[in-house]
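First, the structure itself, so that you have it in front of you.
We call the chains A, B, C and D, going by the order they appear; numbering starts again at 1 in every chain.
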Amino acid sequence: MKNEFNTIAIVGRDDDPRVTEPMTRLAEYLINAGRDVIAAAGVSLGIALREVEETGLAAEADLMIAVGGDGTMLYAAGLAQRQAVPLLGINRGRLGFLADITPDEMLVSLGRVLDGDYKRELRLLLKASIVDGNGETQSAVALNDVVLQRRESGRLLDFSTRIGGRYVNTHSGDGLIVATPTGSTAYSLSCGGPIMEPALDAVAIVPICPHTLSDRPIVIPADQQIEVTLLERTDSRAEVIVDGRSIGEISAGDRLLISRSEQRITLLHPSGYDYYETLRAKLHWGLDSRMRHSDVDVGGNS
Amino acid sequence: MKNEFNTIAIVGRDDDPRVTEPMTRLAEYLINAGRDVIAAAGVSLGIALREVEETGLAAEADLMIAVGGDGTMLYAAGLAQRQAVPLLGINRGRLGFLADITPDEMLVSLGRVLDGDYKRELRLLLKASIVDGNGETQSAVALNDVVLQRRESGRLLDFSTRIGGRYVNTHSGDGLIVATPTGSTAYSLSCGGPIMEPALDAVAIVPICPHTLSDRPIVIPADQQIEVTLLERTDSRAEVIVDGRSIGEISAGDRLLISRSEQRITLLHPSGYDYYETLRAKLHWGLDSRMRHSDVDVGGNS
Amino acid sequence: MKNEFNTIAIVGRDDDPRVTEPMTRLAEYLINAGRDVIAAAGVSLGIALREVEETGLAAEADLMIAVGGDGTMLYAAGLAQRQAVPLLGINRGRLGFLADITPDEMLVSLGRVLDGDYKRELRLLLKASIVDGNGETQSAVALNDVVLQRRESGRLLDFSTRIGGRYVNTHSGDGLIVATPTGSTAYSLSCGGPIMEPALDAVAIVPICPHTLSDRPIVIPADQQIEVTLLERTDSRAEVIVDGRSIGEISAGDRLLISRSEQRITLLHPSGYDYYETLRAKLHWGLDSRMRHSDVDVGGNS
Amino acid sequence: MKNEFNTIAIVGRDDDPRVTEPMTRLAEYLINAGRDVIAAAGVSLGIALREVEETGLAAEADLMIAVGGDGTMLYAAGLAQRQAVPLLGINRGRLGFLADITPDEMLVSLGRVLDGDYKRELRLLLKASIVDGNGETQSAVALNDVVLQRRESGRLLDFSTRIGGRYVNTHSGDGLIVATPTGSTAYSLSCGGPIMEPALDAVAIVPICPHTLSDRPIVIPADQQIEVTLLERTDSRAEVIVDGRSIGEISAGDRLLISRSEQRITLLHPSGYDYYETLRAKLHWGLDSRMRHSDVDVGGNS
């Protein structure tokens, strides 16, 4: 059998020794395994690698490995999704939702992946577009979420939503999150959104600190387009943030369109991967359960 | 064209004049329209109808019309689902989530439905089964939700969940709701569950007053089986409630299994029906928005 | 008996006819009642009033009447509190939490107040101060709330809190609200904070969209100083917003101090005033209760 | 100086070796220190103690020490409060909110307490009374909370509240919690209630899974009486649970009255005690903060 993953791109911040150390070890391991290892031009590691323009990494690679936190994974996903390159995440510290391999188990896990012993998982992506009178002005692809957030402090943002062309609601508050299942455990969860299993073909629309107390998260099928417009007030401005990065502002009259991307991102996991295990670890589930036993047993001597 | 709905069953409580009055009007209208109108044996209306044993209503009917609140709709859905009879709901008072025709528009809406001018909508059903050492002891079909609730006041219920055979979490609290999209606006919403669009093929698993604050609602694909077991403590008892009716208790060692039913229920709506319109009306959306303008405009004289 | 309220200041926006119309009617009524009516210099109403510099209004007035929304009330409270002038609020539209007299009952209510038939209520104020290495740089008084909010979109704000000198917690999220009982029904409520009865001598510390799900609102006695500091990360910036107005930014190393002000604001209410009645009206309490009866009664014919 | 605490009562379950072992060690230590140690008649420990009827323990004791979980503390508080005996809590396992001394530091902490090196803290108690047509039928004192909870599964409980004689709201849901600051970190927290600092002279009224989404927790001064009545529906029944123990049922027409007890309970803490430290430990505060850094740092190579 020929090697499935011949050219392997390594992505990570080179200003953090907790990242560059495992990146270097990883590169050495892969080179020893006879792979062609590439990195973005200018990345400074403890080993010399073939350098490729960052935007061209995905086009050359059969596999992309991101080392860092979930933020680095989001960044790598942006590179990988255009070329449908599968993505593997190695966390620099504790377990992440996306970067689910820890440095100490890194080489063992990677060895298995190179041997074909892995799980392939498709994750939904969203496309966010800002449309003004002249057409689409900005767009970006989200693995986690598209966030509309007010710019002015101390003011409420007034906006309305349509789903699949149907008017849904007029909202007042700090903004709105449209989250994928992947993003459901990120910002959305802090705003009261539900956890969504990664396999679910759905998105959650989650109001941020809504003024109306009955304005609650809605989960809809992912194939329906979401349209958000600001109410016509001259002074309204709101920022559109995709996976943590601002892509521009919208003002009254503009529209923010969010729909399922035609691409999906392919994540690779070591074969023992279990989503619920990650969830339990990240949300500290189970810890309270043990504490509780000492809390509630009602005493008495008999 | 032959009549699509020849035999029509009418279901409703006959001890509430707000229900019997529209039921009677409805029956007269349908008889005048040449339909065969049937009702459960013993129902006392202002008009004599052909009586059929309640459990046999669905087998004879081409259409079932429920008059009352959403509770009556749940009841009628239980009758209708076994025979795949479509169901139409007429509310006795205000708009309901399921009974979405008001009495004053009833005859006009019904006329349109008889003319074929309606929307047909499939809604997901769940099957709940209690399984003990001897096998399945109780089962029921839910349109809204399956609820596991503690019996003993002042005690927490400790139970664990598995989804699709994988262990998810061990919970402590008042219990758990497994809700369909239809049920997502009922009890589940009061416990922090998300609203789910009716077309979504998903269920929400919502802990009731969980002791662990990070124990949050999870939305999963509807084709995965959910298994709930009580932790092994001799004194644990919990009740299983399906669409508001207790179907039995489980104790340590028993399992509660919840999976998508093979049947779905068919709801008929007048052609102008809009789910989001119902949502706005029921949740008072939009009311606050107007109030807010007078609340937050920061004053000053210049 | 001499008139208790001889000189009466009227405050409101003069660019909104829904405000200037009642302001003008009010001024005419008061002048006819023999009172000395003053307004801020430059305010343009349908009647000529004695003009006083805005900052000097409170010093001359025995009573201040604010016409507008709760925003105008917050503004007027800022003027009134320095001189301990009692404040009366007239809403331009629907009932407000602070402006609790509607325009159509305005003259009757005011007549009663001038006759001494009113309730006097003291409301807690907070003092917020930004302190950097050189000492206090900014301060302001809040009737509703002091809000610390992140400036950068897409980033979490990391900050720590101390209460009465004791370390409480390190928070990650969108920020923090410190709310008075008066402010507990404003922004704080949208972020999950509790309603606090106005007479309660307490403040609520409410995290905004906290990353840690167990980071929950805390209510403490109002006499304890709250200290908030940003964690030492070079790029952190956060804005401090008092009653909806930004008073400045803090960065790592600065401290935000919040303590009970020595002054309180005096609100006057018509004698029939009931806080819970306002609460019910503003939060639409009772509406759902009626709806529910049609929702949950489980049907059946027997 | 004479010994402040001569007669010391030890309370705990004698069916759990994790409790009896520290109880026995504790008793030996105290006897060696020359104290008169008493226990409830029939308690079986590894050492013989002077036995007193359980209900008479507080009358003889200068200090009561409870060993177990917070449940045992609640139980001991019930004994202690009638005689104003100070109470000290030793946890059998992990730190509790009330039992805040762990077994391994037990003897050192206790030595300091006997030497007078401790903090004395007063905690608010509530009195709950059930009143029917014939007057008060049941009453009990709560350190944590008074809970009104529906008896019938699958039904909503409809009830109304009055505070200080004023009508507040009509509620629909699973019930209501009235919590002291001490109880604010127990069941109330699971239902969305705020944390209240122990020194706060306030109670929280927290609806349980309310049908109306704007029905939110209210914090009021502790000196106001709360009255709860069921709506007049023939089939309503609700249970009243005080600190986890049912004291009876109420039905339509009965009233549940809750007011501040004239007694307070005195807790003793080792001198280093810090409420916020307990809070951080019990709610896992700080854990997520560290995790987050690896989650959100947005990557890139430059």
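Keep in mind that, in the parts below, contacts are C-beta pairs under 8 Å (C-beta built on N, C-alpha and C of every residue); 3 or more make two chains touch, one makes a residue touch a chain.
Small disclaimer: the values here were computed from a predicted structure and weren't measured.
Colleague: Among the other chains, which touch subunit B and subunit D together?
Modeller: Chains touching both subunit B and subunit D: A, C.
Colleague: Do subunit A and subunit B face each other with the same patch, meaning over half of the contact numbers show up on both, or with different patches?
Modeller: The interface of subunit A with subunit B is built from mostly shared positions.
Colleague: If I rank A-C and C-D by number of C-beta contact pairs, which comes first?
Modeller: It is C-D, judged by the count of C-beta pairs in contact.
Colleague: Hey, which chain ends up farthest from subunit A, C-alpha centres compared?
Modeller: Here the answer is chain D, farthest from subunit A.
Colleague: Give, as an integer number of Å, the spacing between the C-alpha centres of subunit C and subunit B.
Modeller: Here the centre of subunit C sits 42 Å away from the centre of subunit B.
Colleague: Could you state the distance in Å from the CA-based centre of subunit C to that of subunit D?
Modeller: Each chain's C-alpha centroid was found; their separation is 35 Å.
Colleague: Counting in whole Å, what is the centre-to-centre distance of subunit A and subunit C, each centre being its mean C-alpha position?
Modeller: About 39 Å, centre to centre.
Colleague: Which positions in subunit D touch two or more other chains at once?
Modeller: Correct list: 154-155, 189, 211, 213-214, 216, 244-245, 283-284, 287-288, 296, 298.
Colleague: Touching subunit D in the complex: which residues of subunit A?
Modeller: By the definition above, subunit A touches subunit D via 11-14, 39-40, 42-43, 54, 66, 68-76, 91-94, 96-97, 99, 186, 213-214, 216, 244-245, 282, 284, 287-288, 290-291, 293-302.
Colleague: What does subunit A use to touch subunit C in their complex?
Modeller: Per the touch definition, subunit A meets subunit C at residues 147, 149, 153-155, 173-174, 187, 189-191, 208-211, 213, 239, 241, 244-246, 283.
Colleague: Note which residues of subunit A are touching subunit B in the complex, please.
Modeller: That would be residues 154-156, 158, 163, 166-172, 189, 192-197, 199-200, 202, 204, 211-221, 224, 274, 276, 279-280, 283-289, 292, 296, 298 of subunit A.
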